[in-house]
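Lettered A, B, C and D in written order, each chain numbered from 1.
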Amino acid sequence: MSSDHTHNPGFIRKYVFSVDHKVIGVQYAVTSLIFLFFGFSLMMIMRWQLAYPGDAIPLIGGWLGQYLVDNNGVLLPEGYNALGAMHGTIMVFLGVVPLAVGGFGNYVMPLQIGAPDMAFPRLNMASYWVYVLGGIAMLASFFVPGGAANSGWTSYPPLSVIANVDNAHHFWNGQTIWLLGMVLLITSSLLGSVNFIVTIVHLRVKGLTMFRLPFFVWAQLVTSFLLLLAFPPLEAAGVLQLMDRAFDTSFFMPTGLVVSGVVRDEYAGGGSPLLWQHLFWFLAHPEVYVLILPALGIIGEIIANNTRRPLWGYKTLVYSVVFLGFMSFVVWAHHMFLTGMGTTMSNFFQTTTMIISIPSVVILTAMLLSLWNASIRFNVPMLFALSFLPMFAIGGLTGLPLGLSASDIQLHDTYYVIGHFHYVVAPGTIMALFAGIYFWFPKVTGRKMSTLLGHLHFWPTLLFMNVIFGPMLIIGLRGVSRRLWDQTEYVLGAEVQGWTVMSSWGAWMLGLSQLPFIINFFYSAVAGKKSVENPWKATTLEWAAPSPPPHGNFAEVPVVYRGPYEYSVPGAKEDFQPQHLSDAKLS
Amino acid sequence: MASSIEEVRKSVRLYLMVFGALGVLTIVTVLASSLNVSVAVGVFVALAIASVKGTLVATYFMHLLGERSTLYWVLILAAFFFLLLILIPVMMHSETVHLIDQVT
Amino acid sequence: MSSELLPHTLEPHPVTGMYNGKFGLWLFLASEVMLFGALFSAYILLRTHGDFPSHEETTLNYKIGALNTFLLITSSVTMVMAWASFKLNEPSKGKLYLWLTVFLSVAFLVIKIKFEYLHKIHHGITPDTSTFYAIYYCMTGLHGLHILGGVIVMLYFLLPGFGLWRKNPEQFTNRIECTGLYWHFVDLVWIFLFPVFYLL
Amino acid sequence: MIASSFWLPPNIAERGSEIDIIISYLHIFMAVLFVVWGVYFAYCLVRFRASANPTATYADAKAKTSKAAEVIVIVIEAILLVGFSIPVWAYYRSEPPTADKNPLTVRVVAQQFAWNIHYPGPDGKFGKTRPELIDEALNPIGLVDASEDPNRADDYVSVNIFHIPKDRDILVRLTSKDVIHSFAVPLLRVKQDAIPGMEIPIWFKATKTSEETQKIMTRAYAVPESAAGRRAEKFINRNRLLITMSKNGSVPAGTTLTAEHLKTLIADGITSVDLAPAFPVNIQCAQLCGLGHYRMKGQMVIHESDDYEAWFAEAGVEEVFEDDEEEDD
């Protein structure tokens, strides 16, 4: 590779088209945080319609444009569907994954293995910019005729294939752009995952064996394999759906469709709507573990650091994560129990689903056991990390009734599912991501975040997350379908409308509770208290580099002498033994 | 891995042999397909030959033979998921169709 | 920082036995396996459970297919010979073989497009004719794009990228090796596409 | 009644309770696990806070109990899976009602955004259908003419209202005209995706009539303060509420609530009335199917067996159901 960035690069080279993993990591993090907030805002709009069906959206109702609202500012049903589909897509593919993998992975992982950069720095830059392109495509789709994609984040055909097409026969409509955007996002993730795996396997410093890797790095490694092998099928599926839309092929279109009384014989027929679901869930189930594994990694780091003792059962944790990753490829059809599955397949998939819950139980148990005989410091990152445990437990446990095909008959596609997975991704993963931000902020900026604002952020966030998602479990048990513009249409929905109103208020309050964080984030970055190299007295390698680390990361290449979590070693002078200090230096 | 100059020189002859084998196998596939056998046998023969050819390409041209086990594990993983992805949808579909036939 | 300083850019890693680029490329190929795997899955599902025309009803010319198979196999050989030549420090021979590879693949593409796609389209056979042609156009088209990508990369190394040979022959040879791995994979995919579409 | 709104809705299907049992047992198991670990968690946070325990212990805590807990989790999951879920699923998926049970077979054809119920009539045979004959208003499922297929003569198609007899096995052959829908009747513990190009069978047996269900679903509602305004409007309109019992008799039980009634209630100073939905058994669409997904509602009317026969005898002649919402799409 060219050496043109050895001498002082210009501003653009340094901050925009940078190949430095740290700059790219920060770019990823900030971009994805903005997307997270945007995706959340879409949901705050939807929650108005859910709480007060048919009422004009206050304040912004008039601004949302003809594809989302009617003349009075009431959210249209198709607008509701578009916001829902885009909320799901944005949160998963533009928010959490880029933040957890692109942001934290890129910034922290090379530091933790003592590498000067990622194995392929320019590829890394390419990943980021392809991701940005995908994001721009998704945003642009709000403005094309017919508005954004509105067939759910799952985009099930035939609905998604016929969606928007007859809306003035535009090829450039929301669903097409959604597909193109997805292809870009998938490509970005693929490039990234290759880079991550090579970096982790090849660029570890001397002494850093695989079983001395911080848990976070293991989580990233497994995550990368999930991305590498699960994403391509969706890419293929995306191409097939694009062909169905553009060339009237019928990969997903069965023979004899009649839409609104019109026989759709432009499609040759003979396709299978379920094919899409297989290809989609082959990606999307591993994808949900992509959402949780980096979070578990972050939690592991923070818990070890703030309990001041080694993570309980490090090897068990590693094996569990690897097993979890493997199993996540063989459970996908538990999203398809009600597509007409027979007994053999359903037994296979409910069994694998029960099996996959075991490593999660083991991981959570290990984290909980790490608290025993600890000396727990309740700083802000730790608060977020601790709250993750019971929240993930609720989310994970509510996965079990969904995983048994018999109980899934009642719960499938109800708010119970929504409640289940939000407990894992929102009070779960999002809390973990917040924890990570508070934890590594001093490393990235050289400054600490305000503790007071941190508390003002943490407590209401934890409270309102539960106010939002707790009621959903109840609503779902009562039998209310998801994706309903107005649940009071149904007897069962009308009965529990009160819970829905409560959930909406929770969402808006949660929105308000993010203000302290946003202020904290920007204020502390420029004017926070200066931080030392290793403010948390941590052991892993990233804390051996200056804060913020310079280009090339380490003044001299570190050597690793021990495992990642040597806290409170009996007889040692200090209660932590950094990985890079030899025994001689420590005594 | 063929890395030393000597080894590379030796393998050049090997490449030409593999090339010959691939050519012959291509002709065999075409001929076999014109035989009058049942569809199942035809599919089996064609895919078997293709697999042999694929293996030749992978082992010799791509030097898979000389690689370490790390790579094998990655590829075995991919191959396993590949099979799963191919088999499960078909099996599930068959089962559903069976279910429908049972009742109607 | 310059990537020359990154470990294992050239020398193989003791555990994997590969340098970074090669390992990365193999990982990429693993993902390609899944990409084509999904499409093969689609093919099988459509064929076994949809209104899929029987082989007799389809009109692909297996002779053209066999010719193209032959071209690709040959290009795989010239590709591996190109790498061997660079490895043996015979750059002009290597270049020649690489040009041959480019030539063969362009021939493949021309035959594919002119005598198959355009010919078919001319006769009104397009992707929406039946699920067979849909998956045929899709898979061979995607394969064709892979070929095109390979050609572009090879042209890059033959023309502007050849400067690297003088600066760092080892790195250049490594890149040719990676290109080769990719190329053989594309060949391998075709080895399966050919019987699946033309013969069965 | 309030308590029940935390939990599953009433069950009116013969074997629905088997699903309920799985869900209940699972939740008890989940709750125990959560509470036990939660107590441990809370204890740790208090007991091992830095100020109470300034130095941590390096060695791993012994974990016999947690190992045991993990084993218990595995065992319980296995029991629920093998002992409960698999057999129940087998009933739902591979034990269709046999001919000697004389099931009522019905085709249900979903479309954006309605449910077409196709009864074969006394001959028990469905007439042929062809997509090109579909006419949204007159022939929603594209039945051929009786001259072409005599089986069609006694067929009857009803839109959005599904009459069935109680205590008889119902076999539904479910399909869709356009996109994927999902036929969900929470009270009957039934749900199945309706997939175009496939006709998937499901079966169930109701053990309560609509009227009986209505009784179960009676709930106390607060009467709004005035008879005008959105709240009052909603109060009246939602689900065609029916008064089954009113405290001082100012409105007779069994009437459908109107604005007039509401005025009477307010005038009489009544603040709370017991209401039940006119159509308690909704068919919901559980799969996103387009902009009208939320209002793809059908009604299940469950008769006593005799009443069902009587209804069917008249059905071909009389249009039994007009939806209160216009059928736009």
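Worth a mention:
The rule we apply is simple: contacts are C-beta pairs under 8 Å (C-beta built on N, C-alpha and C of every residue); 3 or more make two chains touch, one makes a residue touch a chain.
Owing to the predicted nature of the structure, the values given are computational and were not obtained by experimental measurement.
With centres taken as mean CA coordinates, the chain nearest to the overall protein centre is A. Comparing mean CA positions across the assembly, the chain most remote from chain C is D.
Between the CA-based centres of chain A and chain B the separation comes to 36 Å, rounded to the whole angstrom. Distance from the chain B centre to the chain D centre is 50 Å, each centre being the mean of its Cα atoms.
Remark: chain A and chain C have CA centroids separated by 34 Å (rounded to whole angstrom). For the pair chain C and chain D, the distance between C-alpha centroids works out to 53 Å.
Chain A has residues 201, 229, 233, 254-255, 272, 274-275, 278, 282, 339-342 in contact with two or more other chains.
The set of chain D residues touching two or more other chains comprises 93-94, 198, 200. Within chain B, the positions touching two or more other chains are listed as 70, 77-78, 81, 85, 89, 93, 96, 99-100.
In terms of inter-chain touching, the protein chains here follow a pattern that is not a line, ring, star or complete graph. Within the complex formed with chain B, the chain D residues making contact are 93-94, 96, 171, 173, 198-201.
Interface residues of chain B, counted against chain C in their complex, comprise 1, 5, 8-9, 11-12, 15-16, 18-19, 22-23, 26-27, 29-30, 33, 39, 42-43, 46-47, 49-50, 53-54, 57-58, 61-62, 67-68, 70-71, 74-75, 77-79, 81-82, 85-86, 89-90, 93-94, 97. Within the complex, the chain B residues that touch chain D are 96, 99-100, 102-104.
On chain B, the positions that touch chain A within their shared complex are 70, 77-78, 81, 84-85, 88-89, 91-93, 95-96, 98-100. Residues 5-9, 18-20, 22-23, 26-27, 30, 33-34, 37-38, 40-41, 44-45, 48-50, 53-58, 60-61, 63, 66, 69-70, 73-74, 77-78, 80-81, 84-86, 88-90, 92-94, 111-112, 131-132, 134-136, 142, 177-180, 182, 184, 186-187, 189-193, 195-198, 200, 217, 219, 234, 238-239, 277, 279-280, 282, 284-295, 297, 329 of chain D are the ones that touch chain A when the two sit in their complex.
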